[in-house]
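In what follows, chain A forms one complex with chain B and a second complex with chain C.
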Partner chain A sequence: MIDIKNVSFSYDRKRSILQGVSVSFSQGKTYSIFGPSGSGKSTLLALMGGIITPDSGEIWINDHNIANLDGRLIRRTMVSYIFQDYLLFPFLTAQENVEIAREISNPHENNGGEKTRKLLNELGINESLLRKQVRYLSGGEQQRVGIARALVTGNPVLLADEPTGNLDKATANDVMQLLIKLTKEYNKCCIIVTHSEMIRSQTDYSLLLDNGCLKQVETNLK
Partner chain B sequence: MIFRRTILFIERKHRETVILTVLLFLLFSFFFSGVVMYQSTESYRDKALAEIGATLQISYLPELDESTLDGVDQNILSRVQSIPHVLGVDVAPPSLSGSCIPLGLKTVKTHSGFNPEQQPSPIYTDEEARMESDCVDLIGCSAIPLRNQFRNNMSVISDGSFPTNDNPGVLISRYFAELNSLRINDVISLKYLYSDASAMASEVKIVGIYDTTLKFEILEENDMGVAVYKASPYNAVFTDFDTASKILDRDNTVYNFKVYVDSPKNLDAVQEAVQKLPMEWDKYKIYNETLSFYNEYASQIDTVFSNSLRLIILTSTVGIILFMVVYSIWNNQRIRDIGIFEVLGESYIHILMIYVFETLILSFIAAVLSVPTSYFLIQFISQTNSPEFVSSNIINIITPYDTGEYDINPVYAVSIDIKALLLLLIFVFMIVGITGVALMFLLKKSKLQEMLKAGEES
Partner chain C sequence: MKQISERIRIVFPRATKHLLRNVLTTMLGLSLMFLLISSYAIFLYHKNVSQTYRELIESRYPAEVLFCRTKEEETTTSLSDVFVSDVLKVPHIQANNRTSAFNAQLIATGHDGIWYEDINDQIPIVVQTDIYTSLNSYFMSGQLELVSGQFPDDKNGGMLVDADYFGLTLDSRNNVCIRMKVLSEEGSYFIERPVVGTYKTIYPIEHMINDVPVKQNVVFMNETDIINISDQLVKQDNMKFYLDSHYALDETMLYLNSLKYDHENYSFFPSLSHDVSTLLNSIRIGESSQKMIMVIYWIISTGIVVVYLANDYLKYRNCMRIYSLLGEKTGNVVCEYFFRILAIFGVACVPSVILAASSQPVISDNLLSNITQPLTEGSFRTTFEVQRNILQHSVAFNVSWMVILEAVGYVLIVIVAFLLIVGIISNKTEYWKNK
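Right after this comes the complex of A and B.
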C-alpha cells in the first residue's frame, strides 16, 4: 500500500529531520508512530500526503510514486488527514463539513448526502448535532466529525496526527475505539501519531521514530 | 457546486458578511454619489458654458445719456461683422424689448411649479400685473438665431423663417400660435403696453413659428405674481430690429451692440480687432460678458465639479484601504480555511473562485443597494445648504430664456445614467480584483503547514 524507501528530509537543509527512513504500510492495518517531541513524526505524515516533498528517497502509494503526482490529487484520492485540533470549518455544521470533503473527493457521487449522514450517525453524531455549527460542539464530537470527514472520501489511507491529544482520557478512548473499529470496517490503512501507551497497544503495529530514523517496530498482532 | 458552496459560506459567516457588505455599501454609496454629481455637473457645466456662449458687449459708459450720443455707425457694424470668428452682431440689447398687448389674442398661461395667483407681486400693482399677464414679450433683435435658445437648439424654427430687416415680421411660439389658431403670413396687432392711449396698434406679419423644449417653471421666489406669464418662453415674440423700434415707438439708432464669437478662445482676438475700429472709445467700453458670466456662475459649477471629483477620489482610496483593513481582520481564519481546503485536496482554481465569488456577491448586493441610497445622499448633500456642492445658485444659473433679472427654470437635475452605473460596476470589479489578487498572492506564497497553524492565535 505505502512504501517509503530511504526517505530523507530537512526543512532548512542544515538540520536533517528524517534520515533514510524506509518502511511499508499495508491496507487494513493500523499503525502507531511514537517518539520524542520534535523527532519528525508530523513531518513524516506531511510527506506521505504530498504536503512536503522528500529531499531524497521515494514514497509509493498503490504503485504510484507520489513525486510524480500533485499533492492535491494525493489528498483528494489517496490520503486523508485527521488533526489534533480537528481543522474543521468552525462556522459550518457537522454535516456540511463532512459533505464538503465528500464533494471534493467524489463530486459525482449519487446519494452522497445520505452516506454522510449514516457515517456521522455511526460515529455517534445524532440528528440534532448534525445541524449544529461545529464550533458549538465538544472536542470529542468535533474529532468524530473529523474522522467522518476522513472516512467519507473513500481514500484508502488515514493519517491521524495525535487525534486525541486535546481530549480527556475517557473521551480519547471512545474516539480511538471508534477510529480503529471503522478503519477495520472500511478496510483502510490507518497511521496514528501518538504519545499514548494505551493507543499504541491497540494498533496492529507500533513504530518508534528517533533521531530521524524509524528504529523499532513492535507487533501487537496475535 | 462552487457557487452553492460560496452561498453557504456567506450564509454561515453572517457576521463577517454583514460587516463587509455594510462597508462596501457605504463605500459604493459615496463613490456613486460622487460619480453622479460629477457627471451631472460636468454636463451641466458644458451646457452652462454653451449657454453663456462667447460674447462681447459694447456699451456706452453708464454715466452718459443716449441724448449725448450719436449712435454707432452702420459702417462700423458691418466691419465688426466681418472680423474673423465673429458669428453675428446683435444691435438691440439690452433695451429693445417690451410688453405688448396682442389685440384680440390670448396668451399662454401653462406652466409648472407654483401658482402665480397665490404669489405676491410687490413690484407691480395688481392691475399692472393683470395687464402684464395678458401681454406678450416683444424682443427686438438683429441676430435672433444667435440667442441662447436658438443657438442651443432648445428652440427650433418649424415653420417659416427668422425675421430680419429684409424679412420683417414676428416669430412666435407654437403654443401661442395654436392657442390662437395662427398661421404663417397671418397678421396680428401688437400694442405697446405703456404707449399713449391714443397710439395705434401696429400690424405685423407672422414670418416664423418655433417649437421649443424650454419648460416654464414658476419658482417659489417669483416676485412678479401673475405678471410672470409675460416671461413665459411660450409668450415670447421675436422680431427684427426695425419692426421692434416701430412697435415700441423707439428711435432705431444703435447705442449698444453685442458681438457673438465662435469660441471663448477667440474673444481676445476679436476684442482687439473691435477696439481698433474708429469709434468714440472715450464714450464706449467693451465688456467681456463670457468672463463675467463665468466668474458669476460657471465657476460655482466648477467648484461642485472639483468637489465631487475630490469626493470620488477620497472615498475610493479611503474606502478601499478601510475595506482591506477590515477584510484582513478575518485573514487568519481565511488562511486556515484555505489550508483546510488544500488538505482536502481542493483545486487552486476552486479555492480562488469561492473567495472571489464571495466578494463579488457581497459587492453586488452592496452596489445594488447603493444606487437608490446615492439618490437620497445627493439630495441630502444638496439640501444641507453646503454651497460647495449643489448650491441653490446652480438652480438659477441659467435662465434659458433671457428674462432679465428673474429666475425661471431650469432645475438642476441629477441623472443616473448608464455611464455612472458602468463606473460603479468597474469599481465593484476593482474591489473584487484587488481581493482576488491578494488571495492569489497568499495562495502562491504560503506553505500549507503554516497556513494550517494560522487559525491558532485567533
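Right after this comes the complex of A and C.
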C-alpha cells in the first residue's frame, strides 16, 4: 500500500527532521505514530500527502512513486487528511463541506449527495446537523464531519494528524472508535499521528518516531 | 472550451455559496464598491459640468490681446514685423491676426425695449435686451425689413444696422460692410462685434422718449448694451494676439506693459471683460479644489478597497489552504477567488448603473448657481441662460454613461491591480499555490 524507503528530510538543509526512515503501511490496517514533539511525525504525514518532498529516499503509494506525481493529484486520488483543527469551511454546512471533498475527488460520481448524507449519518451527524453551518457545531461534531470528508473521497489512505487533540476524553474516544470502525468497514489504511495512549491502544500498529528515526514498531493485533 | 465550462460548473456554485453564506463580508464588499463607484461618478459629474461650462465660456470669449493703431496715424510707424516678433515671444502668446474695426463707445446699458440716444447728431445705436421680442414686434409686423445679412443671435454675437441712415451713411463714408467689426468700449474692456446685417424702415416707428419723438436709427444686438458710434468714425488697424490660456491674460498684459514700444501710437486691450475673467477664475478655483479633493478621495477610497480586498484575501487564504489539502486544482481555486471578487464588483455595479441611468441628466439650479455665481446678477445673465440649454445637452450624455463607465473602470483598475500584486506575491510565497 505505502512503502517509505529510506526517506530523509530537513526544512532548511541544516536541521534534519527525518533520517533514513523506512516503513510499510498496509490496506485495511490502522497505524499510530507517536513520539516527542519535533520528532518528525507530522512531517512524515506531509511527505506522504505530497505537501513536501523528501530530500532523499522514495515514497510509493499503490505502486506509484509519488515523487513523479503532483501533490494535489496525490491528495485528490490517494490520501485524505484529518486535522486536529478540523480545517472545514466555516460558513458552509456539514453536508456542503463533505460534498466539496467528494466533488474534488470524484467530480462525476452519481448519487454523491445520498452517499454523503448516509456517511454523515453513520458518523452521528443527523439531518438537522447536516444543514447547519459547521461553525455552529461542537468540536466533536466538526471532527466527525472532518472524518466523513476524508472517507467520502474514496482515497485508500487516511492521514490523521492529532485528530482528537482538541476534544475531551469521552468525545475523543467516541470519535476514535468511529474512525477505526469505519476505516475497517471502508477498507482504508489509516495512519494517525498522536500523543494519546488511548489511540495507540486502539490501532493495529504503533510506531515510535524519535529524533527523526523510526525506533520501535508495536502491534496490538492478536 | 470544455475545460473552461467544466471549471465554471465547479467554481460558480461554490463561490456563490461562499458569498451567500458569508453575508456580512459580502454586504460590506457590495456597499464599499457601490459607494466607491457612485461617489466617483458624482465627482466626475461635477467635474464634467464645470469643465463643459468653462470650455463654453472659453470658446465664446477667446483670450486675446488687441493692439490698435488709428488709421489717421497711417503715415506714422506701423506695427512693425520686429514688434510683432517681439510680442510673439511673450509667454502664452501663440499667434496673431490683423483686422480692421471701428471705434465705438459704450454710453449706457439697459434691459427693456428699444433704447435711444441722439447726441449732437451723432449716429445712435440702440441695443435690444430681448432680440426675439423686438424682431417679432418690428420685423414680423412689417415695420422693419431685413435688407441684407442675417439677424443677430447669440451665436454670431453681432449687430443689425439701419441701411437707410446708418448703414448707407457708414457705407458711403467709411466703407462699412457686413462682417465689418465694431469695437465697443465697455468699461475698461473692448469687445469686437461684427455687423451681421442691415435693415430698412417700411413704416416709421413712433417712439417717444420724454415726450420727444426719436429717430428710427436703431441697431439690434443681442446684448444689453447701448453703443454710440461717433459720427467721426475712425477706422483702426488692429492686431490680435491669441493666448494659449485664458488665465494667463493678466500676466501677459503685465509682460506686454513692460515691453518698450511707442505707447503713444499704439494701445492694447485684453479681450476678456472683468465678468468673464471673474467667472473663469471662479471655475478654475473650483476645478483646482475638485482636483485636490479628487486626489484625497482616490487615496482614501483606494486604501479602503485595498484594505477590504486584503482582509478578504487573508480570510479566503484559509479556504485556499483547505482546497489545497483536499487536492483541488490550483486553477479552480484561483478562478473561484477571482470570481468572488468580480461577482461582488459586478453586483455593486448594477445599482450604480441603474442610479446613473435613472437619474435625470439635468444640471440642478444649485449647481448652476454655484458655477455662475459671479454672473447671476451680472451682464452675462442672458448669455448664461442661453448657454444653459447647451450645457444641459453637453453634459447629459456624460452624466449617464461616460461617468459611470469611468467610475466603474477606476474601481476595476484598483481591483485588477490588487489581484495582480497578490498573484505575484502569492506565487512566490504561498505554499498552497505550488503544492
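Keep in mind that, in the parts below, the second predicted complex is superposed on the first by the 222 of 222 C-alpha atoms of A that agree within 3 Å, B and C clash if a C-alpha of one lies under 4 Å from a C-alpha of the other, contacts with A are read in each partner's own complex, and residues count from 1 in each chain.
The rule we apply is simple: a contact is a pair of C-beta atoms (placed from the backbone, for glycine too) under 8 Å apart; a residue touches a chain by one contact, two chains touch by 3 or more.
Remember, predicted model here, so these are calculated numbers, not experimental data.
Superposition of the two structures on chain A leads chain B and chain C into a clash. In the superposition on chain A, A:Lys41 makes contact with neither chain B nor chain C. Touch criterion not met for A:Lys115: it reaches neither chain B nor chain C.
After overlaying the two complexes on the shared chain, residue contacts for A:Ile100 are found with chain B and with chain C alike. In the superposition on chain A, A:Leu88 makes contact with both chain B and chain C.
Looking at the shared chain after the overlay, A:Arg200 reaches neither chain B nor chain C.
Put simply, chain A uses residues 49, 51-52, 71-77, 81, 83, 87-89, 91-92, 96, 100-101, 103-105, 107, 133, 149, 153 to touch chain B in one complex and chain C in the other.
Those residues of chain A that touch chain C in the shared complex are 49-52, 71-77, 81, 83, 87-89, 91-92, 96, 100-101, 103-105, 107, 133, 149, 153.
Those residues of chain B lying in contact with chain A across their complex are 1, 5, 8-9, 12-13, 336-337, 339-348, 448-449, 452, 456.
The touching residues of chain C, when paired with chain A in their complex, are 10, 14, 17-18, 21-22, 319, 321-330, 431, 435.
Across the interface of their complex, chain B is touched by residues 46, 49, 51-52, 71-77, 81, 83, 85, 87-89, 91-92, 96, 100-101, 103-105, 107, 133, 149, 153 of chain A.
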